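Quick one: the structure is below, and I'll ask about it shortly.
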Amino acid sequence: MTPALELTDLRKSFGAMEIIRGVTLSVPAGERHAVIGPNGAGKSTLFHLISGHYRPSAGTIRLGGETISGMAPHLINRRGLSRSFQITNIFPRLSVWENVRCATLWAMGYRYSFWRNIERLADARQRTEEILTEINLLDRWHVPAGVLSYAEQRALEIGLSIAGNAEVLLLDEPTAGMSRAETERVVALIRRVSEKRTLLMIEHDMGVVFDLADRISVLVYGEILASDTPERVKANPAVQQAYLGLEAS
Amino acid sequence: MAKAFVLGAVMLCGLGAGIVAPALAEDTIKIGYVDPLSGGGASIGQIGLNQLKFIADDVNGKGGVLGKKIEIIGYDNKLSPQVTLVQVQKAIDEGVQIIVQGNGSSVGAAVESFVTKYNERNPGKAVVYLNYAAIDPSMTNQNCSYWHFSWDANVDIKLEALTNFMKTKKDIKKVYLIDQDYSFGHSVADTTVAMLKEKRPDIQIVGNEFHPLVKVTDFSPYIAKIKASGADTVVTGNWGQDLALLVKAAGDAGLKVNWYTFYAGGSGGPTAIKQANLPDQVYQLTEGFNNLPYKPAQEVVRAYIARYKSEPIYYPRLFNLTGMVFEAMKEANSADPAKFAPKLEGMKYATFASGQEGFMRKDDHQFFQPLYMSVFGALDAASQPFDEESTGWGWKMAAEIPTKDTLYPTTCKMKRPN
Amino acid sequence: MSERTGAAPAFAAPPLPTGRGAGFLAIFGPWIAAAVLLAVLPQVLSSGLALSTLSLMGMMIIFALSYNMLLGQTGLLSFGQAVFFGLGGFLTVHAMNAFTADGPPLPLVALPLVGAAAGLFFGIVFGAVSTRRAGTTFAMITLGIGELVSSSALILRHFFGGEEGVSTDRTGLAPFLGLTFGSQLQVYYLISGWCFVSVAAMYALTRTPFGRICNAVRDNPHRVAFIGYDPQRVRFLSFSLSGLFAGIAGALAAINFEIMNAGQLGATQSGTVILMAFIGGVGSFGGPIIGAILVTYLQVALSDITDAWQLYFGLLFIAMVMFAPDGIAGLLARQQPLLRGRQLHRVLPAYALALVPGLAAVAGLSLAVEMTNRLTVHAGDGPAMSFLHVPLRADAIVPWLVAAILFAGGGWLFLRAAGVARQAYDEALAVVQGRGRTS
Amino acid sequence: MIEIVLISTLNGVLYGMLLFLMASGLTIIFSMMGVLNFAHASFYMLGAFFGFEISRRIGFWPGLVLAPLLVGLIGVAVERYGLRRVHRHGHVAELLFTFGLTFVIQEVVEMVWGKLPVDYRVPPSLDFPAFTIFATNYPAFKLFELLTALAIFAALLVVVTRTRIGLVVQAALTHPAMVAMLGHNVDRIFMLVFGVGAALAAVAGVIAGPALVTQSNMAALLGPILFVVVVIGGLGSLPGAFLASLLIGLVQTFAVASNASLADLLGPLAAGSGSSFLRDIWNVTVAQVAPIIPYLLLVLILIFRPRGLMGQRES
């Protein structure tokens, strides 16, 4: 079976500096895959490459077998890959409701329609309501997204990335900066929304990683050090030396 | 949103209360002056208003016209044809039947067309347009109107006069034309070329240049071109900054040619010529200038300059315009344009600047008058009392072109009201 | 103003949108009211000037709204909107002349379609060039295009008619229902009809998927790409449609004035529409309508009162940018929760308190300006003048003292009172919200 | 031929340096504050009028010092009491604020100095031809213009790239909080930068005033071309602005020298063919459109190289 996401010898340089140095990774459909690694390892850069924000310097990215490397972000998104951002990236002046509804529109096939009354789109409304229920923001639907609390904005961020019903979901540090209780809620949310989807996430919280991930890849200095099940990664001495050792201390 | 729409409409009602035309104050003869009175164009628009007020004060001091006072009302058109039409409408609402306008052929054409249509569509409330400066020939040719009278010589007439003058100057060998790239500049260039070809086939046209309107900061490259062409004379329709910068660049580069212009006397022109140090090289063609040896005019000019010290520029043609209109009113014994307009047709009038006779041609409502070539330079204090813009230099007589040498045929087919 | 998305206060959540239409009257009521108002206005304001001004306002409303499709809805700051207004107008004038001579008997009422097509066409052409970028780069490209087109207009004399422009006669076209559109009244109805239709269309456009995505692009173009939309395509569509409506406004100008000239394409006209949109308020749909009405009125009326009107205009604009960047509509929208919560009466006295010294300060400033103006620009008319019907001499010391005291004292008191008013507003808002939460 | 090339080059360089003189302050303000100052040309105009007023009382040279100081102070006040307040509403609001300022300054200038051009003269000490080439004089004042522009360019370059204050200022643009934490007063830095930018505009005004026409519409006439210079050079890049000024100066001057048109290139239109509209385009010469070539250049540059000749970033 074709993997949902497949990276082959992916490289990215900024000037003379090579940040991603030949990453090869295959994520089968339906897997929850976590990318961990120390700060500056290139995790976010890797996400930017996959989602089309950066163009790779070399190597290929395949989404469901189709090459997407070098495509514009919106084209990649339309092929079924959606992502969230580490730094909250929402539409601050639109209401929570509009934020989510906008994120559903393309997938619903409304595209650039300028002849339909948006309030009459029952399916978009229903989907928006579902998502808002899912991310627990239904009672805040009318508030401008810019005035939400941090945790609420993080939830909305996830809501935006799942609204389009993408096959492959990339989450960049979904629990960063959250309290224990908030983190638990988000983990439960991620678990729910990633049912029947492929998930690739960057996460620093090892508890979350080991709780959620089917497999883990360790990225150090732009290279994959190991890519395996949580137990085997935990046991890998190279990983322990390079990364987990630091965490443990 | 729809609320805002309603709100806007309500606001509009409120504002509207202010638009309702004010009641007519007293029984005066109202003259609406529609020209730029704010912004960049105001430097010329204000001069006309000052002068009309000066004339009105003088006439009113002598008892007015037909026993009524003359009232001058300024309407700021911001040099935009569209705003002009709103202002003309406003003037009409306020009981004005005489519109005076001059600056900008675009505005003039708009007013002429508006007044014509207005009189057609609103019979019985005639409005007349008295034009003192818009000189596009189309206004008295293909687009001519019964309700439009023009006191400034149009481009064709000016060039007829200019080329008649050049015809006699045997030392002109090579002529360079430089003009602003818009309709007026092209009229000047095309007509000059055609007329010189006919009147002085021996003159060589060594350059025919156009540059965009008020976009050029540095004229040195143009001066270099003129110099390279070997021209001895430059004819230009440039005005304002385009003329000032052109002349200054010539002075900087040491270009020695004679300049034939129409607007060198405009604001800033004399200063620029003095700064460029080009004595007795810049000519202008006008219907009069301060140092013309004609006593009555000089006295009026002195009084005018004393009152408007900061802007001592005036248009002799505004004196002609008002003088002729007031006379026509007296003849018709009415201030209604429908009644006095016929009296203007064909009227003969001793012009303000020199006392020589001019006449309003019936065929196209164009005023013909003697025109004068004057040259700018140091003055003989006794006989030439007026300098310009405190430069110490002034305009001096170079030649008089009698009325008969300014006549130019018209293609106007005037539609007269029955 | 219902879709205003600024910092709305936190009420307890209102019921979710249902998608089912509200009552007929709730949706269409304001529109019907507006239509009726447009129909009866000329009965109330029947002078020639009033009709001309209303007609001018009608086309400017369309123009300002078309501009706000860019600035307010899509976040694109353009300095060349007049290009579409002007080109729409020019093509309309040429079409009118062609139809007058020997063309299909197209009635005058249909001619704004020509302007719309022209605006759309040039919107597509220039949009393809300019909307590849956003932000400052976009603004500069539009500035360049604006300069290019307006300069070319003077050079291409045959199409643009040179300085005097192209004129036409609107009565020459085929009559429509027996109307020849000779009178300003008939033209007013033509313009108000098109104004109504265009405003409705532009409003409807904000309530479509495309309209919402435009807002999303305004807020965060980068993120839009990750929900499947191409921000560049959104900007392009918005730019083209904006050109279409600007073209309609230009066509109405052509019909109303029966003349078009190169000035209509230029920087002044582009600047005016920015002023209109911004003073009215770019944050809401209705703002530019208010701005268009107010600015047009000021342009027509203010220059009668003072020839320093541009100074007042500039000061008003600066004050708006500094103190009310949401424009007039934004100021009004902030009172909405108070009105709804029946707390407006709490703040009105405070507002009035601020208004009085504020007006005094404005009067002081204006007196100084007018006296300066008298002494410099109108030196030839002598120092005797009148201000607010009070006769005075501009060269005397007393009026200057009065002006200084009014301005300084009024200004100081105004700043104090403004603080009080702001506090009153906050308190009233807190009351409203507090009640909202408990209910 | 050599004559035309030489003289055009010389004229182009002189004009380019005048442009740079006017645009340098605009670039400085943009590079350090990220504000596109629409009122820059208005400060330039104020400089010219102050220079005129001072030079007719005390002399040109005191004017060259005092006028920029005065305008710099006005700039400081504008930043302190206006722009700073607007800053939090974003760049569009800042831009519109300066846009509104142009109206006010123009009107004030008209009220004080009237609408007619004033007689602002080249100082006698510089009022002589410096040299003559092919019988064309080059006045000393133009050389003075050129030297001032070069001196300002060199001085700014040193200040921005080599001195501590320049580095702090640039850091303040991207990381204001960090710079503030290091003990620098970001507000004061911005205020000073804006003042210096305005003062530079005034220097240009004092010098260009006598060379061009000092009139209340001079700001409006100049405004757009400065943006062209700054944008083509790459927003915020000082060497870029310098290069762009030269480029525009030369392109424009050489274009004026050329009389080519489409008709020359492709032969005249067949008689009777083509509309009058087409004929207009066909017969336009390069010289005719020379002054609008910079705008064409602007649009093309922004499409194909949006960061400009030497810019660091897109917007």
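A, B, C and D are the chain letters, set down in written order, and residue numbers restart from 1 in every chain.
Definition applied: a residue touches a chain if its C-beta (ideal position, glycine included) is under 8 Å from a C-beta of that chain, and two chains touch if they have at least 3 such contacts.
None of these values were measured; they are calculated from a predicted model.
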Between B-C and A-C, the pair joined by more C-beta contacts: B-C
Far-end chain from chain C, centres as C-alpha averages: A
Most central chain, Cα average position: C
Separation of chain A from chain C, taking each centre as the mean of its C-alpha atoms, in whole Å: 43
Chain centre separation (chain B, chain D; CA means) in Å: 34
For chain A paired with chain B, centre-to-centre distance based on mean C-alpha positions, whole Å: 72
For chain D, residues contacting two or more additional chains: 110, 114-115, 288-289, 291-292
Residue list for chain A, restricted to those that touch at least two other chains: none
Where chain B touches two or more other chains, by residue: 42, 46, 181, 212, 215, 310-311
Chain pairs that touch, as defined at the top of this document: A-C, B-C, B-D, C-D
Residue numbers on chain D that touch chain C, as the complex places them: 36, 82, 85-86, 89, 91-93, 95-97, 99-104, 106-108, 110-112, 114-115, 224, 227-228, 231, 235, 275-277, 279-281, 284, 288-289, 291-292, 295-296, 298-299, 302-303, 306, 314-315
Parts of chain C lying in touch with chain B, wherever the complex brings them together: 1-3, 29-31, 33-34, 37-38, 41, 44-45, 47-50, 52-54, 56-57, 61, 151, 154-155, 157, 161-165, 167, 169, 171, 182-184, 199, 203, 206, 253, 257-259, 261-264, 268, 284-287, 289-290, 293-294, 297, 299-301, 303-304, 307-310, 329, 332, 376-377, 379-381
Residue numbers on chain C that touch chain D, as the complex places them: 71, 77, 129, 132-137, 139-141, 143-145, 147-148, 151-152, 155-159, 267, 271, 274, 278, 308, 310-311, 313-315, 317-318, 321-322, 325, 369, 372-373, 376-377
Residue ranges of chain A touching chain C (in the complex, touch as defined): 51-52, 72-75, 77-78, 82-83, 85, 89-95, 97-98, 101-103, 105-107, 110-122, 124-125, 129, 138-144, 146-147, 160-161, 163-164
Chain B - residues contacting chain D, complex: 40, 42-43, 46, 181, 209-212, 214-218, 220-225, 227-228, 241, 244-245, 248, 252-255, 267-268, 271-272, 274-275, 310-311, 389-391
